[in-house]
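What follows are several structures.
Next, two complexes with subunit A in common: one pairs it with subunit B, the other with subunit C.
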Partner chain A sequence: MFNLNKNKLITLLKVQYSNMLEYRVEIALWAISGIIPFFMLNIWTNNNLNESINLSNVMLSRYFLSAFFVRQFSVVWVVFTFEEDALLGKISPYLIQPLNPFFRYFAQHIAEQITRFPFAIIIALIFFLINPESIWIPNLSLFLLACFSTFFSFLIQFLIQSIIACFCFWTEKASSIERLLFIPTLFLSGLLAPVISFPEYVKSWIYLTPFPYLIDFPANILSGNNTNIISGFFMQIFWISVLFPIFIRTWSLGTKKYTAMGS
Partner chain B sequence: MGENIIQVENLSKSFDISSKEPGLKGTLQHFFKRETKSIEVIKNINFGIKKGEIVGFLGANGAGKTTILKILCGLIHPTQGRLSVAGNLPYKRRSNFLKNITLIMGQKQQLIWDLPPIESFYLNAAIYDIEKFEAKKRIKKLSEMLEIEKELYIPVRKLSLGQRMKSELLAALIHKPNILFLDEPTLGLDINAQRNLRKFLKIYNKETGATICLTSHYMKDITSLCKRVLCIHEGCLTYDGRLEKLLKKISPIKDILIICKTDKDAKELSNSGFNIKNQNQKEITITIKKDSIKSTLNNILNKFEIEDLYINEPPVDEIIGDILVKEKV
Partner chain C sequence: MKIKKYLKIYSLFLSTSIASELEYKTNVIIDFITAILSLVGSVFLLTIFFQNTDNIGGWNFEQALIIQGIYTILNGITNTWFNPNLTEIVKHIREGTLDFVLLKPLDSQFFISLNKIAPSGFLEIILGFALLFYCIGINQININLSFLLLCLTTLFCSIVILYSLWFLISTTTIWFVKTWNATEVLRSFLYIGRFPLNSFSFSLRIFFSIFVPIAFITTIPSEVFLGIALLWEILLEIIVAVIFFLVSRRFWLFALKYYTSASS
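For the complex of A and B:
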């Protein structure tokens, strides 16, 4: 079904990276538009909200900067692109190639992340200029773990959106289903507040969902805050292994329903 | 399934389509109780295509030609029937099958819009497991054949429609497919570009022995490329055979262009009960049955002063248009 090998992957990445560089200004703007964690940091510190969760201003700053980075490298938009391609029949030529079309979208996302990287660094440098007390260098092992958990976070979101995208084969507006997930993702992922600050009864079930592992878990690792690394990775891998077969099944059923509209 | 590279038996395809009445009432009804109807767009079709054949699919818009091509290349699943393309069930989309075929749709593109076509060619080469050295060779050869060597490095968005179509063709042929499904490949191209594309397809067919299934509204595409045609009308196969035979079968007529010596003769001729197709002062075109040519010409030459006359076959476009309108195959 997938037929992916090293040569295909490298060529896909190279071509998609060249393509993304054509949109560098747009990507810079996207990177800048992802500064919501810095607004939240401002709200938290100006209202001394961090005292309630025993987190110093410096650690909170690092958390939100890490959340910014995690967000930059785990943003997913496959459902919107796929929906357009499916409705206009643009995926038809890709469907009769010996490579699952989702690899194209996957490569587009990775290429976009690589393009975002320098812009994210510049934003971080500006952040450090304004908050010099927050400067820190995470140790290598934590940094690598944070990179892995960010990639897993990206994979979880990519799989969720890909499953929703496959609903395009049944309904014309599958992206509206994705919007249902926007609110829980925004509030429960740790983008607006560290999950540790949530009431106990919320925390008791929130860790069973995939949401805290999207931003909060990788951001905590990167910023050096306390977090259960083993259970965090376990849950990330658990969600990937649950979502992957669902995606495969939805894709397989969906392509049978494909009518090649618009072509 | 014999020696045919494509074999289709009792093929049918239905689509579920929802309809909506106009106005607010219709909108509310559509919202609360959506009614879907199953429409059979392909009805029990049978045919076989031999290796190396170029076959044209003829039919009006919505007749089902494109749906057949989409089923044959594995893009959509048939509702009923048996089919085999190069020994495969197309809708399984197995890798070895996909490496054998290509589909080109005149109104759809696979090239990456903001990059030069060469990038898409290398990407396709990687997807089809073609070594870079071999890919380079094929790109060079095909770009020479298609005369687009200079356009390889210009972003697709800056290419003309003709250059883009040629690039699409190159992208679709880089893996040397044995079966080409072409859906309106010359759509929107100017006369020269259409001619070049036809010339290329002829050479490609001759050099590689590839089988080509083609739909087109430009009859020149069909007449210059296809010896055999399949006429599809409302999902049914109404004719399967040689184009020449079809034209003879449905068009036992000739056009005679008569140039009269005087206006008086032209006027009298036009009022003599002949089937007048065109009249331009002293030039009159009449349509007659092939078997009455001799008697009609004798009659005209005896009665009128004629300066010159020409006997022609009616243009194929007109004949085919007639088939599509009158379904008289």
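For the complex of A and C:
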């Protein structure tokens, strides 16, 4: 049903990458808009809030820098593009092509992450200039594990948003559902406060939801903080395998429901 | 005469945009839930901060809630007026429809800034005021006429500064064409307004007082609310608001000279 081969994938990526390069400034601005974790770090260390969770200033700064990186490479916006395409009727020509349109969006995201990479590095360098004591080099195996878990985090968010995007076939404007879902993602994923600092009544159930695996888990691996790697990966793969069939199902139901422009 | 005309036009804007927003009814309801969750989330974050300490930057939990309330009101205003209108500028310029705006016998800034309204932000405004009333109770604040007048003045100044910031950044679209994300950067900076300015390090405090005057937007109104604001702070806020508004107006007129329409 996907009809994808290597050539198509490479062509898609190339096209989208050159597309993204044209709007470099825009992507640089996106990268800058992700610096909230640094402000949070400032509040944490400036008020010595981290003493209670047994994290030194250095480890906490590494955590928030890692959180920044994980967020940079797992940002998903497919629902907004899809909504616009659906409202303007651009979906129709995509549907005729012998390729699921979500591959196009997927390639867009990957291309955007590649374009983002240098900007994220620059921001990290500035961060190290200001906080030279927090410089660290993660060992290779942990680094690779962190890359994988970031990619899985991206996949989870991409699948969730794609499912929401499919609701466009019914409600036309699905981005408000995404904005609703963004709130728990923002507060529970570990972007603003590491999950270990959460009160017990939240910690007892949060590890069953997908949220801590979006930012907190990959950021902990990358920064070298303690985390249960095996159960983390297990939960990430579990959520991907739950969400993927749901996405396929909503997509096939949605395309049947779809009534192009003018009908 | 002129004010009467603009008021009449504004009431027309209101009715048409509310009608078109209400076409997506479920959307409005979902946005309401989002507003509530977002307030719950930020209070949750505050409780994490206050788990093991009784003050951040010299503000205790009950006082920090005031900042949260002011932030919620301002965020509601942003979502109701600034966000739906000022992100449109990008669209106008990319698609060349700014021509139609400029041709209208109306002030272009007026049209661009107030054409649309998103009613879902109203709930946030109401929630913010409700939180403030709650704070009056738990902080034992005495209300009198001068207190109310000062509060409203500083809040009004905050709104003016916030609007001018949004408008200034949106205006740069005339040169850069695709700065849809510049407002996103502003949004992430404004996020800081949820916390007392004193809880940041000195360098960030300077940055957020001078370049992005978040200090003026939420911290000073909250201090006024608590009755601990100094007179010069209030005067400074008024001056900053006036300057920002005038600059944003001048900048718009200046930028329009560089607008080269769709075909030229």
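Quick note on the criterion: the second predicted complex is superposed on the first by the 261 of 263 C-alpha atoms of A that agree within 3 Å, B and C clash if a C-alpha of one lies under 4 Å from a C-alpha of the other, contacts with A are read in each partner's own complex, and residues count from 1 in each chain.
Definition applied: contacts are C-beta pairs under 8 Å (C-beta built on N, C-alpha and C of every residue); 3 or more make two chains touch, one makes a residue touch a chain.
Please read all numbers here as calculations on a predicted model, not as lab measurements.
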item	value
Partner chain in contact with A:141 - subunit B first, subunit C second, else both or neither	neither
Contacts of A:226 with subunit B and subunit C, given as first, second, both or neither	neither
First (subunit B), second (subunit C), both or neither touched by A:42	second
Touching partner for A:256 - first (subunit B), second (subunit C), both, neither	first
Partner chain(s) touched by A:177 [first = subunit B, second = subunit C, both, neither]	second
Partner chain(s) touched by A:29 [first = subunit B, second = subunit C, both, neither]	second
Partner chain(s) touched by A:54 [first = subunit B, second = subunit C, both, neither]	neither
Dominant toucher of subunit A (residue count), subunit B or subunit C	C
Subunit B and subunit C footprints on subunit A, overlapping residues	23
Of all residues in subunit C, those that touch subunit A in their complex	24, 26-27, 30-31, 33-34, 37-38, 41-42, 44-45, 47-49, 51-53, 56-57, 176, 178-182, 184-185, 187-188, 191-192, 195, 199-201, 204
Residues on subunit A engaged by subunit C in the complex (per definition of touch)	23, 25-26, 29-30, 32-36, 39, 42-43, 46-49, 51-52, 171-173, 176-177, 179-180, 183-184, 186-187, 192-193, 197-199, 202
Contact set on subunit A toward subunit B in their complex	3, 5, 7-8, 10-12, 15, 18-19, 22-23, 89-90, 92-99, 255-256, 258-260, 263
Of all residues in subunit B, those that touch subunit A in their complex	15, 66, 70, 73-77, 91, 93, 95, 98-99, 101-103, 105, 107-110, 112, 114-115, 119-120, 122-129, 172
